[in-house]
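Got some structures for you, see below.
Note that chain A is present in both complexes that follow, paired respectively with chain B and with chain C.
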Partner chain A sequence: MNKYILSKKTVVNDLATFYSFLIGLFIAFFIGSLILLIQDQNPANVFSLMLKLSVGSINSLSSSLNKAIPLILAGLGISIMNSVKLWNIGAEGQIFLGAIAVNLIYININISNSSLFIVILLASGFIGGAVCILFPAITKVIFGVNEIITTLLTNYIIIGLTIYLVNGPWKDPKSLNFPAAAYVGEEVYLPTIFGKLSSGFLVCILFVIGAYYLKEKSVFGYEMRIAGGSAMTAIYAGINAKQKAFYAMLIGGGFAGLAGAIELLSQTHRVSTGISQGFGYTAIIVAAITGMRPVGIFLVGCLFGALTIGGAVIQTIGVSSYIAEIIQASTLIGALIAQFFFTYEIKGVQDG
Partner chain B sequence: MADVQLMGLLNATLQAATLLFIAALGELITEKSGILNLGVEGMISIGAVTGFMTAINTENLFLSIIVGVLSASIFSSIHAFVTVILKQDQTVSGLILTILGLALSSLLGKKYVGKKLMVKIESISDITEPSNVLEVLLNQNFIFYLAILLMITTSFVLKKTMFGRRLEAVGEDSRAADSMGLKINKTQFIATCVGGAFAGLSGVYLTLSYVPYWTDNMTSGRGWICLALVIFGGWKPYRTAIGAVLFGFLEALVPRLQTYGFDLSPYLVKIAPYLITILVLVILTIYKEGKTGAPGNIGRPFFRENR
Partner chain C sequence: MNHKILEAKNISKSFGKIQALDDVNFHLYKGKIHGLLGENGAGKSSLMNILSGIYQPEKGSIIFDGDKQKKINPESAARLGIGMVHQEFRLIENFSIKDNLTLSKANIYIDDFEDAFKKYSEIFSLTVNQNTLISELSVGEKQKIEIIKLIFNNNNIMLLDEPTAVLTPQETNQLKNSLETLSNEDEKTIVFITHKLKEIKEFTETIFVMKNGQMVAEDLETASVSDKDLITLMMGEINTAVVEKNNEKGEVKLEVENISLETDAGGFNNLNDINLSIKAGEILGIAGVSGNGQVELANIVSGIQSNFDGKITIKGQDVTEKGVRARKKLNLSYIPENRLGVGLAPGVSILDNSVVREYFSASYGPHLSKNKMVNYLNLLVKEFSIKTGEPKAEISTLSGGNMQKLLMGRELISNPEVIVAAQPTRGLDVSAVETLHELIVDQRNKGSAIMLISEDLDELFKLSDRIIVLYEGKIIKEFEINEANTNNVGLAMAGVIE
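Up next, the complex of A and B:
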């Protein structure tokens, strides 16, 4: 009798993740086309319009890259936490708390040198994100509480806090039909580089390089990988696995918090529920699809930023913006399916 | 006055608990087979929207329930395919199921936002203001009783039947189960789809009874509370039910606090259930010192080594 068994390939193609991503993207656009066809839309028209309105001009291209900033930063945070084999599902909340921290500092401190003030505000965003994950981090390393559920539930708490702030203590009386905090002054707006592109993009690139160095080249990155691997190896190597996990979580939260700070100082200019539109969740897809590699996160982040902008503008012709989210999620499913064929092989063996 | 108010609270508790319990029970069955599905939120959403759409278009409740349950189950088969057959990461796959489920349900439900449901799953009696416990019980609809039936059946099946023992064996030690000749893939695939069907039933309960309308993201994190409930219940149906009633009580109590004379911000009060879920999870993990009763193989893909 013939039996088929799976075995892990001993040699996996270096570019397997990249090829899987391409196949995933192809499958996702196929699924997207089907959904559009069901809705009586011509996929070719919709996709070409999305392309034109997301990268077709300096203005649209810079908007797309602006949207990529929170996806990339939050994605980097998720990938750093994944070095110790932990999941950060709380990036959405961390983005919000980052923005809240910026506003808190802005209201209470006044620094006349605006460049210095901006740097301090960006740092407050980072700290805000780290504070957001502090409780899940402490309970994880001390008691082993499942961080997936604690970080996720924290999102609902922080978004609830945001709604409370913009309807209560921080409510701007001038904003009548949309509850929001007062605008920050123009002196702390992040300057633009070209078109609408915020200088936050440069900060973002800096952090991509930083995350790459931290994960791949630094001693800390090496220790994180060991700590995330086997507990026994970490003990033999004299590495305090819990301490590494704790720091990885705080840094990961900080990256997402910084995303919130940049979003506030360059896009919304005030705290509201519009600070993040699910960036923290899309960032999970971005990070997972690239196999948690910083440079990959940067590239896929830019692409997904363009997709998000494309999805937002096609609403004008009556297509749901959710099509962009569905394409993003389907890309990851497609990539997972493709990944299977790169990492496993099916063998027929003679039984008995 | 106190009686009517108290019974109103009990009534709301049981309704909220029913919704949480059914999906949590489904997740329990899935996890028993060693598969972790973080897509509960997405599956409930899919069940909720497809059930609601069918009810608006056909006004046939029975058909709507069937459609909601089946769609969620088919949707969960994506997770089954990716993790059971293709052995990919269960965390990633489950998360996509949540993201995709929420996006897909928003897309499907776009035309149905604000539409009024002409039919609704009615309670088995026509009491408007229950004044004692019996009347509260009679004020529930048939899905509440179905949930109780499912609890008893699931517990029986897990403990006393061959299928239950096999499920447990697969989830605890799939290598040993495989050498005993059990079909790992088939068992895990079925368990995942059953979990999806249960979440779908929760979904139709949400849109056809609990809040009979449709808006985006109306599951509002309940799927994640269900995941915490399974841990709370130590992977046992009866204990999970106790947890569901506790969390249902919280969900019912919080909006009532103001009428009881507590001066609280309505915005802050909405945070409470999530805050308490986290605290309960932490206390529980400390109390059990990590011995939570989780199936031994949960989250780990199974494949035969090439010997």
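Up next, the complex of A and C:
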């Protein structure tokens, strides 16, 4: 009797992740087209409009790239944590706490040199994100508590904290009952490079390079890989696996916190519940599609930023903006399925 | 009384290239306790899995009570009343005892559960309530529930795979009495599998011995067979290939004094007052059935295990409090028993795995030089003729032999002065074994002090200058290589001191 088993391929094509992504994207646009057809829309028209309004002009392109910044930074954080085989579902909360940290420092400290002040505020955002993941990191390392649960639940705490702050102590009396903190001063706005593109994008590129170096070229990255592969091998090699996991989590949280800081200083300019529109969750999709590769995260982040902007503008012709989210989510599912078939093959074997 | 209830004839079974069972005959008498003796990997569990229908044999037939069975699968085995207690328990941890016992539709005590449970609780000296969750039981108690489960499911043939491996001596004694009661009063047919000589003689009425997938002795009357005969059957003849032993010894490189370790796991996986020393140019063989403290000893010497009593000295330096890195700096290498999982990290590339020992020497501060890593890997590949694919391919794409060559090469290339090698050739083919043995002897000739832990007596006799036998965490006996033979080492491994 023959039966079939899945077996891991010994040789996996280097570009498998990229091909999977393209297949995923194709599937996503196919599904998106079907939904548009059901709604009596011409998919070609809608998609070309999306394209035009997301990258067709300096303004739209820069908006798209601005949207990409938090996706990329949070995605990088997720990717760094994944080096030790840990999942960060808490990027959303870390983005919020990063922004909260920025505002906390901003209202308590005053530095006249605005460039220096901006740098300090960005650093506060990073630290805020790291603080946000501190509790999951400690419970992971000491008690082995599943970080997926703790980072996810931390999101709700932080969003609760944000609601409390903007309705309570930080409530801006001038906001006409809209729950938001006061605007930060223009002296700490991130300057724009061209169009509306925030200089946060340059910071973002810097951190892409940094994450790539950390993961691929540094001793720390190597130690994370070994610890992620097998905790016992790490101990055998004299690598403190728990310490690596702890640092990886703090750095991962920090990246997302920085995203919150940039979002605050370049887009919203004040703390409110609108600091993040689910960037922390979309970043998981971005990181997963790219197989956790920093450069891939940068490229797919930019694409997803454009999709978000494109999705927002097609509302003007009566198409729901959710079409963009459907495309993003279907890309992930399609890419993961395609990735599976690049990594595994089905083999017939003799029974037993 | 000598009624053959179950017979297996000419059973063969292979897994991939490994012939697990080769033309094996086996038979059971109704109401008797049968012993099945053999080393790890002799084929005992495979045979039992065939009788209980979990594996299908490639050749051979099974005859139940005179009727040839077409095919034994788990359903038909249950119908015939053949049940097995596996080494890993198959109980549902968060169900109660009662739920576990009555789970199967084969259960025969539906209305009179209470009475039956009471009766067998007494036979097994079990003092827990039927509503207790399995997860709250001790290992010994779970074992008892597993056996009672067989009875409740109306299994008259009970295959017990190493049931004493997890028991304390007192529990083992209790189990013996319980099994005798089952055999005498309920006419249960029992197979008791073990690699412990002492137990097989105490528990059973008739003994079968397996070696390398073959049944080497059938139906030996327990009362009249000697320990020596059993050992010879179980271990087989020693391959006489021996390497040159008159290597010049130097000063003591590794000294282990009064090492004791207590683990909370119970059983014998702890160490009791171990003393040994190894000189430069010497191979000390550590013999013993697995689970008698070898892994713990290796981990303590290499620095992985801390929190032990005693003292470790490497090259005259007290390293008791030192970690893995400090010991590596003193030029100690450790080739762990578990190559994929400890020695090598699964899911990580060949390149990354090749530098686990020396990766800090490929670094400039926080920067890791890929060039240096690749050069190092290429050196290993060349020196140790490793057949490897792309450096960035996963380690598991290598064959077992090449994986072990990579691991050994990585640990030996820096010419370590102290080497701990645990089961360095287990599961490898003959040519790989030969190459790896040459490497070990080579290293000895270069003046390394080598601790060679192995369950393979051929290997120990071939390579060692001295042999120490570990039994239940103690050094039960020490031999110069010219005094050692299969008999005395084998008996010591079984815990028998002449």
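Assume the second predicted complex is superposed on the first by the 344 of 352 C-alpha atoms of A that agree within 3 Å, B and C clash if a C-alpha of one lies under 4 Å from a C-alpha of the other, contacts with A are read in each partner's own complex, and residues count from 1 in each chain.
To be clear about the criterion, a contact is a pair of C-beta atoms (placed from the backbone, for glycine too) under 8 Å apart; a residue touches a chain by one contact, two chains touch by 3 or more.
Computed from a predicted model, the values in this text were never measured in an experiment.
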Worksheet item: Which of the two partners, first being chain B and second being chain C, lies in contact with A:217: first, second, both, or neither?
Response: second
Discussion item. With both complexes overlaid on chain A, does A:297 touch chain B (first), chain C (second), both or neither?
Written reply: neither
Worksheet item: Should A:226 be classified as contacting the first partner (chain B), the second (chain C), both, or neither?
Response: second
Worksheet item: Between chain B and chain C, which makes contact with more of the residues in chain A?
Response: B
Worksheet item: Counting only touches as set out at the top, which of chain B and chain C does A:27 meet: first, second, both, neither?
Response: neither
Discussion item. Contact-wise, after the overlay, does A:236 reach chain B, chain C, both or neither (first, second, both, neither)?
Written reply: second
Practice prompt. Once the structures are superposed on A, label A:259 by its partner contacts, choosing first (chain B), second (chain C), both or neither.
Written response: neither
Worksheet entry | On chain A, positions contacted by chain B and by chain C | 8
Worksheet item: Which part of chain B faces chain A closely enough to touch in the complex?
Response: 38, 78, 82, 86-89, 91-93, 95-96, 99-100, 103-104, 106-107, 110, 220-221, 224-225, 227-228, 231, 265, 267-268, 270-271, 274-275, 277-278, 281-282, 285-286, 290, 303-306
Discussion item. Using the touch definition from the top, list the residues of chain A that touch chain C in their complex.
Written reply: 8, 10-11, 217-222, 225-226, 228-230, 232-238, 351-352
Worksheet item: Tell me, which parts of chain C touch chain A in their complex?
Response: 13, 55-56, 58, 302-304, 323-325, 328, 334, 336, 338, 341-348, 352, 355-357, 359-360, 363, 365-368, 370, 389-390, 393, 396-397
Worksheet item: Which bits of chain A are touching chain B when the two form their complex?
Response: 5-8, 35, 87, 89, 135, 139, 143-146, 148-150, 152-154, 156-157, 160-161, 163-164, 167-168, 281-282, 284-285, 288, 320, 322-323, 325-326, 328-330, 332-333, 336-337, 339-340, 344, 347, 349
